[in-house]
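Note that chain A is present in both complexes that follow, paired respectively with chain B and with chain C.
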Partner chain A sequence: MTAPFYKFGLFNDEVSFIIAFVLGLAFGFVFERGGFGSGRMLAAQFYFTDMRVFKVMFTAIVVAMIGLFYLNWIGFIDLSLIYFGDTYIMPQIVGGLILGVGFVIGGYCPGTSTVAIATGRLDAIVYLLGGAFGIFVFGEVFPYISDFFYSTPMGRITLPELFGIDHGIILLAVILLAIAGFTGADWGEKYMKSKKEGK
Partner chain B sequence: MLKIYAALPPRKRMGILAIILGIFAAFIGNPSDATKTTVNIKEIALMAEKDANEINVNDIADWVIKGKMDYRLIDLREESEFNEYNIPTSENIRVHSLLNSDLKRNEKIILYSEDDLLASQAWFILKATNYKSVYIVDDGMEAWKEDVVLPTCKCDTNPTNEQKELHAKREEVAKFFGGAMQADGGNDITVKKDLPKLKAPTKVTLKRTRTKKSREGC
Partner chain C sequence: MSIKEWFHHHDHDNVQDGELTPKHYTNPYLIGLLLGIVLLATFVIMGRGMGASGVLSTVVSVGVEKVLPASVEGNEFYQGYLGDGESNPFKNWLSFEIIGMIIGGFISGAISGRNKITIEKGPRATNKMRLALAFVGGSLMGFGAKMARGCTSGQALTGGTMLSVGGWVFMLAVFAGAYAFAYFVRRQWT
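Take a look at the complex of A and B:
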């Protein structure tokens, strides 16, 4: 048996919807329990007062990365079949900045806003409505910005391919980066705390 | 050593574990090379015998006319040949890029080339890498030209009603694809009419690929 199961035809579209639904519920539950359902907690990342979300995210990335690498190594999963989108570097930088600004202002990212709605937060409902409106506006103006949207295409590219180095080295680099990030986050939290107490 | 490790707080233990796995990974390098695969020869041999792997050109013609969309028709010939003429709804993918293409393992894939040879080889490659339903067009482009676009009348001098019906249908199908029924070459094979020049059909862009893109990812 080899993963990804869907691409190898182990189950059809209908079953994949059910699986996605169950996974989505589990994902949302863990998100909420992790404190991601609070806009304050999410915005705290940008003020270095509580870096919990940053740590959870980076931990998830590292765990998934190590898991996929070794599952691929033992032949359980075919990494070349894992879906990820094409890279369009400039439009994605711009999109990332817009998302980041929205993140700081609203206190949610698209996923966490739905989690927060599940717990009944009004600001999250407004946030999601705003997001839906943004999607609508984007759809309407898309013909005018499609040139930019498809500019600087790099295709389906990964870091090992881009730098021409081994997968494993990237893995190690990201792990070290994560640990450096955690240490930095700890330091930032402590610094902000002492600053607050000092006042 | 283990005692010291066990005494550390969980997050430090996790960090150390991650670094160890990372260093190990750096030595492994690349986990797997997608171009190498192991093949169960027996299974493939059985599949080759058992499965009805070939699809008749008339069926393809029928599906195109009916607008069936549940298959991916792949033209394996060179791009220039593909641009010159191809079976409507087909897309051009060369054999070497088959595995990097966006073909999915649960899709119905139909391969064709000029004759059977290249298509059979591609069939093997796809089957060996776990693509579920792969078929080849019987006699490929040759059959398409001879049976669908430029068919020759095979009726007797006094055709039966059945033959007439078939003749009319074939004529209609040929017309649909921009060809025409050829005069009876049965008696005098040497006098074979030149095939009219075939033009590539206007590219059929399937909407399917775009919707698929938006359906994946987060």
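Take a look at the complex of A and C:
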């Protein structure tokens, strides 16, 4: 095991900030290429008029997932050292629904809005101001909703652990799900196009 | 080159005659592959994924501490973003990542002629309506992201890749919420 490099002490915090900047550059560049800088393009996936963002996102998840699975299999990376957030089912369902509604109303999510601002989208600036306001409201009501916020805790848990199924099987299921999603996305795009032309 | 030139109009941009024509965007699966590789590199090098909403939370927490110090006291949520009070709360991994993202997005937009000072909206929407909805949507996003302990970057992209149960539950909820509500704001986008 040699990775994750940072967790094995290959470089210090100061160097990690430079790496953060470089990786951020790559994320920003690829996000913009993916169409994530355009609120119209982001919203189009919710109307099946252009499923580009959906395709980019799920391809990325599948690619990174296969990569991690392989690197773990050959003993290069220790997956238990990778940080990701704990699961709290109910707040994550409610938070996800609220964010989803906010996504289609506002046209962005936090990460994509930074790229949209960088490319000159004024609505993204207003969106981000709204985001700050929403966080402020959350902070102010936090003492009253903290019980819900900490409810249904499951700790650090993955789908293979939850279902007691082999990691590889879940990976295969996600790949099949993605392929089904891409096929459905293409079908949706064609349907919306023919509907439009038929008018 | 002046800032104005970086942002100058391009007739072949993606919004033309009220149509969304994704010209000059790279093939989505190729871009997905690249994004996946960048994400994988982040895991391998740092042992973590990416994030976006955390920095905005720090901005808000620092602001509230200045304006409404009584609110911050004893409030676990704000305190979590203010750190130990000795080091600068902005001196963290996510802040540097976000700075990189802004510059990276700008470079890509500049190369492809997509940098343009504009308001993104559908052909039927007015600017006023669009900006009002951008604020409302942003507010819901801010609240929802904090409730879910992360946004589309941290929970869906990063948690999803790690096969986190919470990440997948969150991702399905986001799509459910967005598709369910899309009908009500269709005049803004289509």
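Note that the second predicted complex is superposed on the first by the 198 of 199 C-alpha atoms of A that agree within 3 Å, B and C clash if a C-alpha of one lies under 4 Å from a C-alpha of the other, contacts with A are read in each partner's own complex, and residues count from 1 in each chain.
Simple rule for what comes next: contacts are C-beta pairs under 8 Å (C-beta built on N, C-alpha and C of every residue); 3 or more make two chains touch, one makes a residue touch a chain.
Here the structure is a predicted model, which is why all the values come from computation and not from measurement.
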Touching partner for A:V62 - first (chain B), second (chain C), both, neither: both
Which superposed partner A:I89 touches (first chain B, second chain C, both, neither): second
Contacts of A:D166 with chain B and chain C, given as first, second, both or neither: first
Which partner, chain B or chain C, touches more chain A residues: C
Touched partner set for A:G75, first chain B, second chain C, both or neither: first
Partner chain(s) touched by A:G9 [first = chain B, second = chain C, both, neither]: first
Which of chain B and chain C A:G188 touches, first, second, both or neither: neither
On chain A, positions contacted by chain B and by chain C: 6-7, 59, 62, 79, 81, 83-85, 111, 160, 167, 171, 174
Footprint of chain C on chain A - complex, ascending: 3-7, 16-35, 37-41, 43-44, 46-47, 49-53, 55-65, 67-68, 71, 77, 79, 81-89, 91-124, 126-140, 142-143, 145-146, 149, 154, 156-160, 162, 167, 170-171, 174
Chain B to chain A touching residues, read off their complex: 11, 14-15, 18-19, 21-32, 34, 104-106, 130, 132, 213, 216-218
Parts of chain C lying in touch with chain A, wherever the complex brings them together: 7, 14-15, 20, 22, 25-26, 28-29, 31-50, 52-53, 56-57, 59-61, 63-64, 71, 75-78, 91, 93-109, 112, 114-122, 130-131, 133-182, 185-186, 188-190
Contact footprint of chain B on chain A as seen in their complex: 2, 6-9, 12, 59, 62, 66, 69-70, 72-73, 75, 78-81, 83-85, 111, 160, 166-169, 171-172, 174-176, 178-179, 182
